[in-house]
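The structures come next, written out as structure tokens.
Note that chain A is present in both complexes that follow, paired respectively with chain B and with chain C.
And now, the complex of A and B:
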């Protein structure tokens, strides 16, 4: 009798222990997620295969681009954010393919696909010893500009690989709802 | 034990035959077929929430131009264009809008996939960003010789969020389910007025 109740108690303890493990341990998706390499604007953030250095962030209401010899103005319902970065490969050539802008509330804005014809956008191939500048262009809601984080990785699914997380710092918002220093037209033809 | 074996056997046989007959009758009457509930009608002049998207239909028309929002149409063919405002309700940029709207089989060949373009600058199927409404155009090529209908039916399909899928343990939107149909009037042309402000 005592033996049987001891067995039942042991079984219940094991069930409770397993349940505790299930709810408290990180899930598979968290375990194989990207490995963050953190830094801030102006720092050189070093990942496994690449280094990235974010130089400046500019905000604009419109972008002026050159498409096959024709000038074109790209408008947006929010605001354009253009981050000028410098990439460097570490030990071997690689390609930086993905960048996103994570706002203060966690909304994640991928790099815009509306300028796919333009040079100097991702994906960017980089080689060791040959640092290369690039522009990361995002279309975002003005209220997501403040205290944002720039996420840069080599692949879309950066499982168990480095992802640079660059905090871009506070951005004051002007009375018109746009970030302070937002210019009317940013010319993408000017050198970086 | 054995004195009433005959009556027990009889009882089992009757119960078994009765059950089999009941199941067979139910099957013949259609109890095991999928239920065909008619989908609720959605008002085209409303905002429709599909999980990932908030839709606001604006106008529909048939065009015979060579290009509709940068999309090259078949020579001599016509295309049905639906313009609507789409807002990404999720926390990430996405382009998971290819299956949100299904045009009625009466008007569009079900094998025809629509071209989806941003009306702002005719970008083909760009990612839409969280919380930023954009005007999009769905462009269905009509079968050869089709005439412009006065209105057409659309089935709206929603997806459900799962924090962890069963394969990769990652979040995503799954299980497309139709939530309703709506009838959209087809206007005269690209310049017709929006059906809602």
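And now, the complex of A and C:
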């Protein structure tokens, strides 16, 4: 009798211990996920194979682009966020292919595909010793502009490889609901 | 023999085998790890250019079934529209085809430049220089249908910072020879 109840208690202890392990340890997905390299706007964030330096963030209601010699205006129901970055490869040539914008509520916006014809967008090939500027363009809800994080990685599946996480800091929202400093028209033909 | 003596005998035999089993773990655990890791290690070695085989200037070397020779490595100075302090570099190879099964032997062909610090440059797409018709890249040569005994001219274009141009050496790697790769020496070496 005593032996049986001792066995049951032991079983319960083991169940509780395993449950504790399950809730306190990171998930498998986190363990094999991207390895974050964190920094702020203006920092140079160093990953395994690349470095990225986010210079500035601009917000605009419209983008003016040049498509095969024709001027074109891209409007949006939200706001355009344009991040100017400088990439550098470390030990060997590589390609930066993925960037996304994670808002304060966790909504994540991939880079827009509406400007796929434009130069200087991802994917960008980079070589050691030859830093290269690029523009990352996102189309987002204005309330996702504040305290956002820019995520940059070489590949879509950055498992066990570095992903730069650049916090872009607070962005005050004006009375019209758009971020302060939002301009009416941003010309993409300007040099970076 | 009494039952007691038989029991004692059995127990001694059990103990002996228990000890043998424990000792055998010393061998079996590392063996199991090695068997498990074998494929991963093989893949890792097969995907990376790790061990250089140096080739002296002007010499040719049998690699991936063919004879490779570096014929020229030079900078193309004076081009406009390039990033500051960068130089396009051309690497020319002459390859005498031995085994014509290039689609298997040259799979994953990668020509790179390696400098003294171990930095590696892959061919660039920023610069494209005009070439004559009989010059190919490593990848296009795979599908050229070259036969045994043919001689191919390969050229790859790189973009390299000026400070690195003094110490860069061309390297060639193909999947069938990895983890070994060819590292070509220059005339001045």
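Keep in mind that, in the parts below, the second predicted complex is superposed on the first by the 191 of 192 C-alpha atoms of A that agree within 3 Å, B and C clash if a C-alpha of one lies under 4 Å from a C-alpha of the other, contacts with A are read in each partner's own complex, and residues count from 1 in each chain.
We take it that a residue touches a chain if its C-beta (ideal position, glycine included) is under 8 Å from a C-beta of that chain, and two chains touch if they have at least 3 such contacts.
Bear in mind the structure is a predicted one, so any value in this text is a computation, not a measurement.
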{"item": "Partner chain in contact with A:75 - chain B first, chain C second, else both or neither", "value": "first"}
{"item": "First, second, both or neither for A:93, with chain B first and chain C second", "value": "second"}
{"item": "First, second, both or neither for A:130, with chain B first and chain C second", "value": "second"}
{"item": "Between chain B and chain C, more extensive residue contact with chain A", "value": "B"}
{"item": "Contact footprint of chain C on chain A as seen in their complex", "value": "91-93, 125, 127-132"}
{"item": "Residue numbers on chain C that touch chain A, as the complex places them", "value": "83, 86, 112, 118-122, 124-126, 158-161, 163-164"}
{"item": "Chain A residues touching chain B - in the complex, by the definition given at the top", "value": "27-29, 72, 74-78, 100, 106-110, 112-114, 139-141"}
{"item": "Footprint of chain A on chain B - complex, ascending", "value": "91-93, 118, 120-121, 123, 126-127, 129-134, 164, 168-171"}
